[in-house]
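Please go over the structures that come below.
Okay, so subunit A shows up in both of these, paired with subunit B first and subunit C after.
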Partner chain A sequence: MNPDLIAQYFNAECAAALAPLVTLAGGLLLLIVAEWFEPMNRLRPLLFVGSILGAAWAEVALLNAPVAAVLGGTYSADKASALWGLVFLASTLIAWVHARSYYRKSRPFLGEHDMLLLTAPIGMMMMAGALDLTVFFIGLELLSIPLYCLASFRRDRSESVEAGLKYFVLGAFSVGLFLYGASLIYAATGTLSLTALTAAAATGFSPMAQVGMAFVLGSLLFKLSVWPFHLWVPDVYQGAPTPVTILMATGTKAAALAFTLRITGLLPESSAGLIALLAVLTMAAGNLGALVQSNLKRLLAYSGVAHAGTLLLLVAAQRASGELSYEATSAALFYMAAYVATAGGAFGLLAWLEADGEHFTQIESLKGLGRRRPAMAAAMTLFLLSLGGIPATGGFLAKWMVFSVTLDAHLTGYAIAGVLMSVIALAYYLRVIAAMYMEPASDQVAPPMAKRTDAMLATAFCAAAVLVMGVLPSVFLGLI
Partner chain B sequence: MVDLLFYVAALVAVLTAVGVVLARNPVVSVVSLLSCFGSLAVIYLLAGFQFLAAIQILVYGGAIMVLFLFVVMLLNLGGLNPEDEDRDDPLFHDRRRSAGGLAVAVALGSASLIGILRGARHLAEPTNGLVPPEEGFDALPALAEAMFTRYSLPFEAASVLLLATTVGVMVLAKRQRSIPPAGEERS
Partner chain C sequence: MLEPYLPILLLVGITAAFGVVNVIVSDLLGGHRAVVSKGDSYECGMAPEGSARLRLSIHFYLVAVLFILFDVESVFLVLWAVAAKSFTAAGVGALVFAEILVFVGLLLAALVYVWRKGGLQWDR
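Coming up: the complex of A and B.
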């Protein structure tokens, strides 16, 4: 290979674009080295947080000097990818902090837990920045395989093993769909590059490429947990250890959404209505499912499905309005940033409760929490209100941005249906809040709630982020 | 001649793939899988992808098969023998579920088949049909150059993926002492 070729591909831009990925991969290697000797194990938190912060620093550097496309146009580190990267890193860090107090110190494989957790954001970043179906595919696997293992990490619980297996089998099926679709697209067009594919789609895809695109979209909708691909969500979210659920609910969804927004140009124009319909059906499935739940973790899982529906409206709006719109991307980023803080905080509190026993995630056992642990009940209330989209929280502004983008794309009926669904959603969020404040505590099921500083700090951070996004959104919108 | 060879290889590939799923005896499944890999390699050769065919034989026919055989050997197969225990297993006998799965499979298969056939009808039109690969597509230098320049990110990321998978498999497969639930440790 001649030096010119090397210089053409591996230049300073490429190094800057890949710096977050390389930082995380380096952190992974150091974590493995840290397992060699006993005293080095203590470096583990330092290494984990250090690599996350290092990667975040590299993303911030990219934010100031974005790189359009590197490595022959297969990976992009533009502004949106850098912001998505920060969302992924925040989600991973929140999950890690809660995992620290969730698992007992004597539990084996804690080092392996951190290694797997650190691998997932590499995959997410590759998914968000992919300009080539191959890059996306490896990113998807890099995200999914650690999550399959992490979901069944508590092998002493049969639910956890079941969740891991279910996630693995269905995930493998969806990856199979993606590969099949990608191979059809390649056979029909002769390229896997999104830039070339978008140009080809503008002149009309052949039926074969359209079938391939349908398969690719199906696998993305599976990762986004959209109806009718959402059936795995309640079981997996409930069965998996709660810190892992944080990553699944926020990070995976964000990564799948980032890529789906990138490929809307490959979908036929007429599909906007169909996607919007799927979005409304997803909201209906999530909200109606959540109404009848008695377990808070399962309720939040269904609420996650409903939120996926809201996010899918953005995809429909972007398809309807034609080109890659700035509004849709920034609405998606703000929504996911708010969702990471909100769902991360809510699931984090659940992890806290669940560490003391499985049954403490029942809504029943939350009765009287407002009197017993006022600060915790207040935080939970804030997160639930933000999930419901009440003003002065980040969730309200996020929903407002999504619906205004949908209205701009002339999908008025679907936007109205979405708003109505949000109202239904309030019913079950308020039910939990009512249980915490208005119903008397039943002593035999009260969670002991051991004091844990790091979980408390993470919760406080999430609550502050939700409030700041609701009251002073310009802090975040200025970044976008 | 080439056409005939392709149809024979394709038929063998489909039949053996069905055999992998339907065979009750795991060893029969493994041997079917081996023949399936072999016939796929023949199809690759006929399509002009010598390198891919060689890799298929080496990696899948060789390494992956050995792994499968190891697993079959190491597992206690008593429970998997035909007519033994799974007579009572609802998974094998739930007609409604099998019918549902079959319906989904048929629907997906026919949808893609219709798309492919309609695509094939347009083959004569240069803009709409299948795009043949460039000359020298399968040549080793071209493959190596693509892998280490344009596709170096997925190539390197795949090694991270393998590393993470190794770690994960170790966690899942290692025999653990029984762990009491998280709450019991605290005082």
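Coming up: the complex of A and C.
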């Protein structure tokens, strides 16, 4: 151990690369300190937003001066990971703002809620930047364990506890799958570094390493909620508190996608068709499941499965075309940015409705919302149209980019199937819009909704982002 | 080649025979009288009483988890203490000492948090 060796690992580049993670961890520590004495609790919003903004600032700094690989080549803070980091931070912030009006002020452990919520993006960033399977694993656990707790945060509701338990059991299973796969890879190749593994994959993996890769991919597909690993999604998304669902639906998916795109080079070339087939089956499972739902939260969960299918098409396209292409990365980033704004906005509105009573997330009780709450119905319509991929919204361009990348990779049949699936998806989105505008109000009268400035601001922000991404995409594409 | 392992094989054989022969012999020589109390569950000679499904206080888990947390973390301190002199010899003693102070500070913050939240209070 000598100073030179330490300097080799912990230098200015390393400080810049880890700045977002350290900022969030520091904010987390201050949140714990703020729980020491009752009056300090009031600092909580300041600390939370402050650490998110600080981390975002560090990510923007990285965007201007990207760092390739630090800490002995185990963590990368390139442009793509910095942008992924911004996506995660936006998702966390939206979830947190909605959580502020979602829980009653008297609910115990709200400070712990914020701590857990702030831990999740640290894990997501580690997942997106990992160049080593161990680093990815630690990131995965840092993300998953807070989410298990948060999913069951409403302990007084059996659905919430059930969601937490289901997510925990299945999540633990998928983590076990990952570790088993990683250990097989290590046994076969003697390394866990992605750089070394990519070099080994170029000369061909042994069967043991291939089995290991299959396990690793399986656990990633679980987090991405891809068929046949999607069965937990509707129950967990519905049972978890809605602000937590925002984070699960957008942030987790983005983190898993970022890493999946990074390791496509380790998959055998012939797997592109299989992944594309899984993508189409996932879209089918999501869309057909969503068609028969009567609860909007469940419907959006199934729609999330369908979106995961579209994203998986991107993974297949990248595997088919070989190396990590600029187009695939930018399509994935744009798609997830649009999805964070859209799904974040839609689930956020649901959190708003749900705070008045569980049954207000039924499509039945949305009838007549267009007359009762015109602004809210308009925002919901915008989000649903963007989820369906209607032009002039961010969702349209995102889908268009994904399908054009798929076509470039000569997966024509799968791209056509994907477009057809999007048409089916419109059926259930339009059904909700029709209920809001064209059907008379049901006899369940909604209570007058409390004015919630936080939730209103977050919704307005999401709506604006969806529109800007649809009309002026160059604002976002210029960043990539 | 496998000759050195012959004693182990013999030992396995003798052990297995000891168990099997004892069971058979006691079955052949022992009496077979069915008594009601023989069908009872064995509870150190006492009649079983009450339900086995007792509800334990949550405090046990809390204290156990807290103990594990701080116990595992203190292992790092031992490692540092063992290597402290060689760190100083390599000229990074102050840096590593500062790192350990930060680490202890983190533990302290968490401990104060647990204490303030009443995690160390037994009779609540």
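Quick note on the criterion: the second predicted complex is superposed on the first by the 476 of 480 C-alpha atoms of A that agree within 3 Å, B and C clash if a C-alpha of one lies under 4 Å from a C-alpha of the other, contacts with A are read in each partner's own complex, and residues count from 1 in each chain.
As a convention for this text, a contact is a pair of C-beta atoms (placed from the backbone, for glycine too) under 8 Å apart; a residue touches a chain by one contact, two chains touch by 3 or more.
On a predicted model such as this, the values are computed, not experimentally measured, just so you know.
J.: Tell me which partner touches more residues of subunit A in the superposed arrangement, subunit B or subunit C.
T.: B
J.: Touch check for A:116: first (subunit B), second (subunit C), both, or neither?
T.: After superposition on chain A, A:116 lies in contact with subunit B alone.
J.: First (subunit B), second (subunit C), both or neither: which does A:478 touch?
T.: Once the two structures are laid over each other on A, A:478 reaches no partner at all.
J.: In the superposed arrangement, which partner chain does A:440 touch: subunit B (first), subunit C (second), both, or neither?
T.: In the superposition, A:440 contacts neither subunit B nor subunit C.
J.: Let me test your reading of the model: by the given contact rule, A:36 touches which partner, first (subunit B), second (subunit C), both or neither?
T.: After superposing on A, A:36 lies in contact with subunit C but is clear of subunit B.
J.: Could you look at A:146 and tell me whether it touches subunit B, subunit C, both or neither (first, second, both, neither)?
T.: In the superposition, A:146 touches subunit B alone.
J.: Based on the A-chain superposition described above, do subunit B and subunit C contact any of the same residues on subunit A, and if so which?
T.: Common interface on subunit A, subunit B vs subunit C: 1, 6, 32.
J.: Hey, which residues of subunit A end up touching subunit C in the complex?
T.: 1-3, 6, 29, 32-33, 35-37
J.: Touching residues of subunit C toward subunit A in the complex: what are they?
T.: 86-87, 90-92, 95, 106, 109-110, 112-113, 116-117
J.: Which residues of subunit A touch subunit B in their complex?
T.: Interface residues on subunit A, with respect to subunit B: 1, 5-6, 8-10, 18, 21, 25, 28, 32, 71-72, 74-75, 102-104, 106-109, 112-113, 115-116, 119, 122-123, 126, 132, 134-135, 137-139, 141-142, 145-146, 148-150, 152-157, 164, 180, 184, 187-191, 203, 206-212, 214-215, 354-358, 448, 450.
J.: In their shared complex, at which residues does subunit B touch subunit A?
T.: Residues in contact with subunit A: 111-112, 114-116, 118-120, 122, 127-133, 145, 148-154, 157-158, 160-161, 163-165, 167-172, 174, 176-183, 185-186.
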